[in-house]
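In what follows, chain A forms one complex with chain B and a second complex with chain C.
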Partner chain A sequence: MHRFIINRLLWGIPVLILVTIVTFGFMQLVPGGPFTAGSEGRPVPPEIQANMEAKYGLDKPVWQQYLNYMERLIFHFDFGPSLRKPGRSVNSILFGENQVAKIVMERLRRDLGSEAQGITFLEEPGFMSTEVILVKKGEIYGKVKIYGSERLEALRRTLSTAPVMVSAQVGAVSLLIAIAVGIPLGLFSALKQNTWIDYLAMFISLLGVSIPNFVLGIILIFVFAIWLGWLPVYGWGESWKQVIMPAVTLGTGGTAFIARLTRASMLETIRQDYIRTARAKGLHERAVVVRHALKNSMIPVVTVLGPLTAAWLTGSFLVEWVFSIPGIGKFFVTSIGDRDYTLIMGTILIYAGALVMFNLAVDITYAFIDPRIRYD
Partner chain B sequence: MFSKKTALTLFGVLVVLLMIAAQCAAPAQPETIIQTVEVVKTVEVEKEVVKEVEVEKTVEVEKIVEVTPTPEPGALGAQCTYNAYRMGWVMDYADPNNIVNEVFHPDSPFQYTFWDNDQFRSLVDEALVTSDQTAREKLWQEAERILLNDAVAVIPIFHYDRTALVKTGLNASFPPFGAPILWKWSWEDGTDTLRYRIATDPPTLDPQLATDTTSHLVIEQLMETMYGYAEDGTIEPVGAIDYTVSEDGTVYTVQLDPEAKWSDGEPVTAQHYVDGITRLLDPATAAEYAYVMYYIEGAQEFNTGEATDPNVLGLKALDDYTLEITLTGPQAFFDSILAFFTTFPARLDVIEAGGDLWFQTNFVGNGPYLLKEWVHDDHVTIEANPDHPRGAQASIKTIEYPIIVEDATALAAYENDELDVSGYPSEELPRILEDPVLSQEFTRLPRPGVYYLGLNTLLPPTDNVHFRKALAMSIDKRAILDDVLNMPWRIDAYGVIPPEIYGYQDGNVGYGFDLDAAQEHLQKYMEDAGIEDPGDITIQLWFNRGNEDVIESVESQWEENLGINVNVVNMEWGVYLETLDQCNNP
Partner chain C sequence: MTVRSSAAPAVIELEEARKGVGLWGDAWQRLLRNRAAVAGMIFSAILVICALFADTALIVAIPNALGADLDVKPLLTPYPFNRGDTRCNRMGPSLLPPSRQEGCIQDIEKYGNFPHLMGTDRLGRDVFSRVIWGTRISLTVGIVGSLTALIIGTVYGAISGYFGGRIDNYMMRFVDVMYGFPTLLFVILIMVVLPSENAVQGMINIFIAIGVVGWMGMARLIRGQFLSLREKEFIEAARMVGTRPLSIIFRHLLPNSLGPAIVALTLSIPGLILTEAVLSFIGLGVPPPFPSWGIMVNEGWRGLRATPHLTIFPGLAITITMMAFNFLGDGLRDALDPMMRGTT
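Showing the complex of A and B:
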């Protein structure tokens, strides 16, 4: 088992490298570059484009750009600067800002008042820094200690507000809803096949599959935020109430899908010979379903859960768009329109990495639910 | 050893990538020119012209048609099969120079019509050296008339504007240029907070690099330059007290306000302005708007790397509070530039110490507000600076900009009283205009600019001026605004100079909707070209995604009113600009 996991993890590396090559190549093939269009819907004069390309090394041959990119990525875990958000790095766009620096700055503002204006760091503090040297007007201003509690606070903020984490939170709650509602719904339908319970459940899930996320989101806002006034219209991270509508919006389609899949799979399983054998042995119906049918009927469900989890945890464009959630989902779309090459690479790599990981998780799960599969 | 799952993963990723590529890829190649048959016939007429251009080309003579002498026929790339293309321009500063010259000059990189006219060139040159505004206005108007009435290189469709919902009780004002000046805003009931929705995270708050409206809505509260725009579009001193111009019009001397301070207490000096403009022009900064400052001596050379020493620039701090700017020649409109964001001062000490991140960790500005918090993709908060003369006067002390990308969500939040200034989805417009409260809060904001079609003057049949006139006269622009866009308040355009700017000619320039005249011109063209049935004429109309409404209306109007065939080609924005660019620079 360990060998299998290590083996698969190692295989993930060439897969990801291939992904970088293909993505990098495709980006170059698409007409229009990051600097073709200016920000106010106008073209950029050629001499200005040349300056911008030189600034970001895009004037070099493509293979050299690729090698430079990979060198930075592999040795420094640096996804490079964003091409369309000057001054921001893709790392900070995806993984959040330097919270330690932010917290120290907040403390300085509190303690020094307007005197704190213009103070910057000689070197940006990291998570492990215990002190940082301050600079003002080009001269050393002083040194401040960074307390353990502040580092903890920075860690807490990073885990809760970093865009990848925000997307993962929305995805995780949605996934919980999809599993917790979808699987029981499917099971009940299958066990009460062709009764009104079955028809009702399948009708609901048909609705769930058919309504686009976007429409559902707007309907929810209209009903629960404007009409009833129970939930806030948009936002993230201020109250648990903000979680409900996005998670339901994203989770509904998946719930319905999982319910239908579970039902079909369960129906197939309970017609198998070994179930008949179990019943013939005189086993209680409950035991037949829980001990014998359930596990086996979960195989197709687990198979789709892998890519689904990867997709949901890396953010949903529409849900983040509708509810103004500061995750990474919208960058999958906006970065391409912007031709923000480094941001495209960053988002695709995160998604590809998540796919590799969760497909591996699926394979490992097989070993537990399917007695025919063992990785020895 | 390459397991099935791995292969599947790989396959999945490839599919995703292919989909992305398909989304961005160019549309089906436009068909090749249909007009070749007619072309042969016109050669007889045009032989003289052709001979003048290039003698050795006579062998291929049937390929060259009615060539306007100046641009080389070879300048047109083989892929450039457009007869008309859609484009727009939103002006930066209050002088027709910013549109008549910078956009539509034959040498401008912003137009793709291949037009040229010597009289237009000399009128522009003259306007630039004419400091008397009335005289200059006449020159711009005449140049505009040549562009639109004689050459018919562009067909203006409408003048831009912006609309927003602004809560009752908020005294808001929107100058035609620059961001709204929020320290002048106030609530009737004295509330000191404001929630102003923005639709995207500001791409950057670096004053020299930001170019978009969203970033500037924030930056222009945190920063000030020498002048600013008042609500009526005139400039008023902000960081400066006064300026003088040398007799030959090439040297501007600006007296700065010695009381002006940065947010960390440092005085704002002339050197900071020199540093700011130099930083903008430095090729290493790679600022998009650097070209706006090419009017300064040495700027183009420095920005394009021909000169590496910043001392070549015509910028000098005569003393702490006197800035001298030397121009390449007399540029009568340069006072407008003193109010434009390309002249922001800069604190190099702060920028160098903070690296690229300086504007996020600790923004040092000279404006009335201070950056308090910027949580990406969530909100930006600014606070009035009590030590700043205008910050102290500000009635609204705290401004929050919630970042809400979806218009429908923003409208919901606005109606839920979570926002004070907001946008709305266009589908909701009829309801807003009927709603007793929302219709009162619906506000039209100035946005000087023009939405237009450019015509390819090299490619048949749009190389024929009669045909171009026929096209220009057969579009009912009012109908597009009233019935297609449902924007009855928007102004239909006949000239390119917008109504907010001096020189606006209303309907006295360009061509209005006149079907009889259009038919006459079409007949003249058909006689010239030896075409009997307008159904034999096919033109290509290129546009970028998001303009389907307007372009489809133009397409059907041309087809119905003229009886010609119009093929529309729709492209994604980046692809569109690159394709047009390649036509101009093959």
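Showing the complex of A and C:
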């Protein structure tokens, strides 16, 4: 078993390297670069563009850029500087540096309201939030969004949580929902096959599979935040209530899929001979269902949970956009639009790494579920 | 058990009932017995009609090609999708014609007087008409995208599955690597790479992007079918009598893989519709003059508090459409392959 785990972990390395190569190649194909368009879409003079490219080493041959990048990544775990967010490294964007958060917070406390000293408020139409740009020694130090200027405490918590962790928190709650709701729903509808319980459960799960993330999120906001007023509309870090709607939005599709999968797998399992044997030797119905049937029908569910977990824990663009959550999901889309090569690479690597890890976890789980599966 | 005692006569009865009904006829009968699938089928048919006859473009196309000068006008929809009376913007849904609605001063001479069933958007355009028109984009993406995926996937999977061995191994590893990328990310990358000068080009780009990511599942399915089928006795028999490989592929292997392929095709349509809606929602999809449901949700959700109808109706349209195709696909699967009943 140990050898298997180590073996598989080692296999993850060439996979991740392949991902970096393909991503690097793709970025060369994408027209335009990080410095072809200025802040408001104005064209950048070619001299400045060349200087910028020289600064970040983009003028070198592609293979050399790649090797430099990989060297930094492997030996220093450094994802490089962000090309479009001046003065920030990809590491600090994704993993956040609590040190930075602290300094930003201190500056904000001291300087709030006195814009001249280095804080600029940008009103963003529609969002009803305030974007704050912190300037230090003439350079943009950081950009944060606050929802109402008095909510400093929320800002502090948001800042002290790394974006990776924010996404992971939403994903983890979604995962809990998927497991705690999806599996029982599928189980009961399989046990009550062709009754109204089954039909209702399957109708609900088909609805769950069919409703797009963003539509569900907006409907939830409309019903629970605007209409009933039970939950906050958006935001992060102020209250545990803010995690409910994003997590439900993210988790519904997967929950419904897991319910359908559990049902299908259960229906197949309960027709197996060993279930009949278990019943024949007089086992409790509950023992038969839980210990024998459910456990054995979890193989396809666990298989799906692997990639699902990887995708959920690394954040969802739509959910983070709709609910204004400071996670890393948004970088999956914005970094491509910005041509922020290092940030694209960072986000894809995080996802691919999570995928490798959770697929390994799936394989290990197999051995626990089904003793027939061995890895020696 | 009761099943054992009644099984034998039931089989005979069924055999009689099925006399003269082929495999497909049989599947059709089973499909018709599934109420959810029939509902899905009817709704899908309505959507197709909406998509085809939202305006008179289809009816006018042939006379136009022959030189007649006919205007394209709304046919199934009361209003055009791209024009509206801005004085009548952001109106809530109503069953009353505009002339009898308080506060509405719509130019009836110009735009007509049909009730705004789903209200109007910020430019005074009729949401109901735009939702109907939206079916055209969603269905085209769904059907063209899944057909593209079917063609690429079938060719790829057939080659891989028929030859097997090393070729199969390499071809499938490539599919594995392609699977390693998040779908949405991949589509976005393709959309960014492809040039889009005008709206039509933008539409075509979406088809390409969606087709390119959709074929992998189909390739795996066809390859799996081929791998298992080519070991069957009837293929061996065909080989033995000297049938050529192409003939084996087209006459024997492909028709036998068709059932699962059709099921996968139907079940892939909602996924493609979703991808298009998501792309349009985040502003990377269909360019604005076209009324895509995703764009409509995007245009509406910032004003959710004041004008929820701008978001809710197109959102419901996406959901119901996806449900209809999912029901139809589930039903088709149960009908074409009773052994697989209930599997996801």
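By our rule, the second predicted complex is superposed on the first by the 315 of 376 C-alpha atoms of A that agree within 3 Å, B and C clash if a C-alpha of one lies under 4 Å from a C-alpha of the other, contacts with A are read in each partner's own complex, and residues count from 1 in each chain.
Keep this in mind: a residue touches a chain if its C-beta (ideal position, glycine included) is under 8 Å from a C-beta of that chain, and two chains touch if they have at least 3 such contacts.
Bear in mind the structure is a predicted one, so any value in this text is a computation, not a measurement.
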item	value
Which of chain B and chain C A:31 touches, first, second, both or neither	both
Chain B versus chain C as contact partner of A:57, first or second or both or neither	neither
Which superposed partner A:163 touches (first chain B, second chain C, both, neither)	first
Partner chain in contact with A:323 - chain B first, chain C second, else both or neither	first
First (chain B), second (chain C), both or neither touched by A:81	first
First, second, both or neither for A:261, with chain B first and chain C second	second
Broader residue contact with chain A after superposition on the shared chain, chain B or chain C	B
First (chain B), second (chain C), both or neither touched by A:226	both
First (chain B), second (chain C), both or neither touched by A:352	both
First (chain B), second (chain C), both or neither touched by A:184	neither
Chain B and chain C contact sites that coincide on chain A, given as residue numbers	15, 18-19, 22, 26, 29-31, 218, 221-222, 226, 321-322, 336-337, 348, 351-352, 355
Complex interface listing, chain C residues touching chain A	177, 180-182, 184-185, 188-189, 192-193, 195, 270, 274, 277-278, 281-282, 297, 301-302, 304-305, 308, 311-312, 315-316, 318-320, 322-323, 326-327, 330, 342-344
In the complex with chain B, residue positions of chain A that touch it	7-8, 11-12, 15, 18-19, 22-23, 26, 29-33, 36-48, 50-52, 54-55, 81, 84-89, 93, 97-98, 101-102, 105, 114, 116-122, 124, 135-138, 161, 163, 218, 221-222, 225-226, 229, 232-237, 307, 321-327, 330, 336-337, 339, 348, 351-352, 355-356, 359-360, 362-363
Residues of chain B touching chain A in the complex	1-3, 5-6, 8-10, 12-14, 16-17, 20-21, 23-26, 88-90, 109-110, 201, 203-204, 206, 209-213, 262-266, 283-288, 290-291, 300, 303-305, 347, 349-350, 352-362, 364, 370, 375-378, 387, 402-406, 408-409, 412-413, 415-416, 418, 572-581, 585
Contacting residues of chain A [partner chain C, same complex]	15, 18-19, 22, 26, 29-31, 126, 206-207, 209-215, 218-219, 221-222, 226, 257, 260-261, 263-264, 267-268, 311, 317-318, 321-322, 332-333, 336-337, 348, 351-352, 355
